[in-house]
């Protein structure tokens, strides 16, 4: 079991938790050492996995999932700890590792109770990594919950503003989503086997059996898609996102917007669309409408917000809407775009939230009306914020552009008027995005200094620089050299596209 | 005119209903205990009645009534001890005002 | 030709950007300036080598039987959307891209040099050079694009560099809002461009220019049959793509950003908003010209938009006070001139239409000459602003004695733009007018009128700055000519403007690569020359000496004058639409809806659950009596239900 | 056919039980309530006798009417001024209780009346059908371990009573 590299993604955070358990709240150095060593190890592991994966693919290994393993842990219900990765999960693992790494540095000075903060943080990471490595639906669901619960404490205790309310709202809404999800998963489980066979939780087997009755598929698709869609901030289930993000501490916002929201997109793809292709084909239009609304609606809402985090949260609604929108187009290019958008959005929102946290830590306000001219005071943070903004509005050379373009060109392959109109609506978001990003940049960074107390503030410290540089390099990396991602994930779509085409016939 | 089972059961039912009524409405703890005795007594009576009319020749009903009386006695004794104790510590018999374990 | 030089041309500015952008903080101003100028100088030299090789080497790759070929120096895969739809990054060498390489690098180099003097005292000097390099990189990438998507990529980069440079003085709120406006307006136009690309690429399954323009009839065939709202998809695609060009080239009604963009440093205006970036739209149309040729509607659209814009901008330019704004509107007008020129050029034997590619050649020719003299004018304006510290001509007047170099070069620029023989503008404008007349007399007449207006407002500006009446402030602050770094570009560009007209452009740049003989049409030339001279004389009469004719003229029709002064209220309309309608109504109502409907519904569920819990909370009171009551009633209920079921 | 004496006795006792139960839960004075309860318990004891369970009736009289009532009276006297009235009852609770009790009576009576099983033999027939219960039989039933013999519950009850004694002492003990 321990020979499987994937298991280590879960074991390392657990070891980190054990390590943290030995530290005391006063021993900040020890806590930081554990966190830095652990998150670096995770990052190294993820990079190694990525390289290894690309190598295997290049060597012609075309199995759908690599590094698979399966260990039973509850026989009566046929529940396994089953792991395996394809290109998409590898990228998601890499993304999570990067953000965990950056988040560690972004919360370098977390106060109070740093040990407990990092303990929960590691538990959250465990859930996230566990989710991405699992191919057993039950285990996946379990890790999903493991990732959700610490959120409540992290926001409720270390947050700012109306933190109890927000933490409660976020947790309850996501839990509501997972209730739907559980129903959907149970439904899939009970219908997973062909007549008389033993039902299974294993995604690959279910997809292979493809035994789920189409009439059931529709219901289950709605359950699972809505369940994951809540986490993916799909309209009208997005309202946890603005409040939750606004109140969360920096690293938690980063991890939440950067990775946790991707759990939604990944889940929609891996379970709803992959396992229920017939329903996906039939019902996609409903969700295309909803996600289309998300895209436009989020962008317009962001235009008039005055709180930096709200702006970003609404922009996340818009961008995550684009992820789901792309996945629902059910063709390879658009789906590739969706995955790229997940990566891109994860990195750039993490960067955004990191920067907002840093700015907030200095100015003690997030209201853009009370700030101005920060570029002069903290040029480093200002430039980083601009880069994040440009990534968000789709500047070529940064990741957002590649992702959005792939989505648009992929989505446009569906040649009927309904899809076309929605694609064009989605395209219009690039203008709205520019409007709100430039509005923030103009008010926050440029122009005259609003508050002269701000003149005494300092620029970024080394750990903040490290966190932001890591993210910026990744954003620029994807933006400049996108094609390797394309090649890494193309095999993942083949079975899905086939399944969809078969079900359409 | 026969004294059938029904004749005996009716007073028992009424006694039971009165007990319930008293239990629900009274505030004084001793009064509640009195109502409880009514309920118990009605149950005892039923045991006996059923034993007599439906299962003549055996005596389970009676035996269990005996047990019930014994237990009721024990229960009442303890209950009254507790009530007096409560009264000693808070000077109050009203069940609405004795809603805290510590005063 | 090897790939080294082209790659260097692209990478050098990018490298300079990264070097100056990241390492600039640690450099002195002098180091940064010298590095930037050297980098751009090298880039210019390399571009000259490439362009000259292309035009004059006679290599079989470049010219076959006198017909210039399109040559893809390299073309590497960058991102594969689908199997066929692959985005490449490459370097396409053909007459227009080679010409643009020369134009861009020359002007960029001049501006680099000039800025060394002009921007000397500014903070953020290093940043300024970094942005200039970024701009040069993006513009070069745009012109050498092998496919329309690469063009779009660099198109966006150009937009961002323009945003950064307009907002260079980021402490000024006006600069910030101008930069924002420029970006958003062009972004809006880019949306059209993007949708155009989406449509076109879906039907043709390629992004590549050579494939599309090489056989436009095939494109026509591929899109045949599909229509949307009465127009064929190809028309839609081409019109939408042109929309992108309208944004960058500031055509009506997307022109509003350009006058505001004058908030940027003046050399930037010269580089971006006069000579290079704003011609991107023209370049785009030229690039897609063969495809446009088969879409009659799109061509007409281009001509109409161009004609309206040209006239509008010329009228507005007559009333502006800010010298840079006059130049900005003159830019809009001149670019619209090129658009019309492209719009009237057709070369296919569409029944009943027998035009030649003259308009294309003339448009490109004008692009070239305009770039030179407009950069000259802007740099001259920069020298003036440098001297009197104001953009306003009312603060100037009588400057010819104090600033002779600026005066003479500015005069050359004005003569060139007015189209006076033998300055470069004459030749290119003459060709354009000839093309328009040969298309339809109306275009010719209309544009001749615009040409007259051009001569008038340019000389109005010239006289108001250099003649009119001396500003009394000169007594304490005597204006003087600019330092050598600024004068050299002025003199160089003036020299180019004098001689560029004699370049045998028809032999070099034509739409299909085949040489084209330029011959000046006497009638057209005479007309335009007469109109220009009359306009200049009129301007001299009105503005040479201080007098009250301008005031009288103004009072002749005050409404029109005010409207023109306020640019016919376009900005106000936009302001109203964006702020009041989009921001005030749409965005706010959506935000309100989100907080008070959607979020309130979610909170409502929570409230409901809470209420329900509170309401049944009383049942768990710890009150044994209540429990008994409920227990008893419950038992009764169960009895009754069981009973009913049994019956 | 039951004897007239039996019938008259039945009616007297039944009416007494009904009336006194009602009064026991309605009176506002505790001591009276206890007294009414005593009457009800005695009435039940008479029923036991009538039904032929003499031993049981005796136990009822001794334990309930004798022992428990004394406890009640002591408790009441210890905690109350005999003239003090209990607090007035809450109306809504009273209505709820009355409804519950009424429903209970209605429901059970209906059930009793419609149950065919219950329209069986008369008391005299039942009494005649079996031999009278002797103390020996009761003793055997309590001390045997066979079927229908209850040594274990008997022991359990005795342990319970012991626990009860100890508990009573502990609870009542002064701290």
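Lettered A, B, C and D in written order, each chain numbered from 1.
Keep in mind that, in the parts below, a contact is a pair of C-beta atoms (placed from the backbone, for glycine too) under 8 Å apart; a residue touches a chain by one contact, two chains touch by 3 or more.
Quantities reported herein were computed from a predicted structural model and do not represent experimental measurements.
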- request: Select, from A-C and C-D, the pair of chains that is joined by more C-beta pairs in contact.
  value: A-C
Task: Could you grab the centroid distance between subunit A and subunit C? Build each centroid from C-alpha atoms only and quote it in angstrom.
output: 37
- prompt: Just how far, in Å, is the C-alpha centre of subunit D from the one of subunit A?
  reply: 71
- prompt: Cα centroid separation between subunit C and subunit D, in whole Å?
  reply: 103
- request: Please report how many Å separate the Cα centroid of subunit A from that of subunit B, as a whole number.
  value: 65
Message: Give the residues of subunit B touching no fewer than two other chains, as numbers and ranges.
response: 20, 24-26
Task: For subunit A, write out the residues touching at least two other chains, lowest number first.
output: none
Field: Residue list for subunit C, restricted to those that touch at least two other chains
entry: 625, 629, 632
Message: So which chains actually touch one another? I want all the pairs, not just one.
response: A-C, B-C, B-D, C-D
Message: Considering only the defined contacts, which subunit D positions touch subunit B in the complex?
response: 1-2, 6-7, 10, 13-14, 17-18, 21-22, 24-25, 30, 33-34, 37, 40-41, 43-44, 47-48, 51-53, 55-56, 59-60, 63-64, 67-68, 71-72, 74-76, 78-80, 86-87, 89-90, 93-94, 96-98, 100-102, 104-105, 108-109, 112-113, 117-124, 126-127, 129-130, 133, 137-138, 141-142, 148, 150, 153-154, 157, 160-161, 163-164, 167-168, 171-172
Statement: Seen from subunit C, its contact residues with subunit A in the complex are 77-82, 85, 149, 153-154, 156-157, 160, 163, 167, 170-173, 176-177, 179-180, 183-184, 187-188, 190-191, 194-195, 198-199, 201-202, 582-583, 586-588, 590-591, 594, 598-599, 601-603, 606
Query: Any idea which subunit A residues touch subunit C in the complex?
result: 168-169, 172-173, 235-236, 238-240, 243, 297, 300-301, 303-305, 332-333, 373, 375-376, 390, 393-397, 401-402, 405-406, 408-410, 412-413, 415, 423-424, 427-428, 430-431, 434-435, 438-439, 442, 445-448, 482-483, 486
- line: subunit B partner, complex, touching residues on subunit C are 622-626, 628-629, 632
Task: Could you pull out which subunit C residues touch subunit D in their complex?
output: 625, 629, 632-633, 636, 639-640, 643
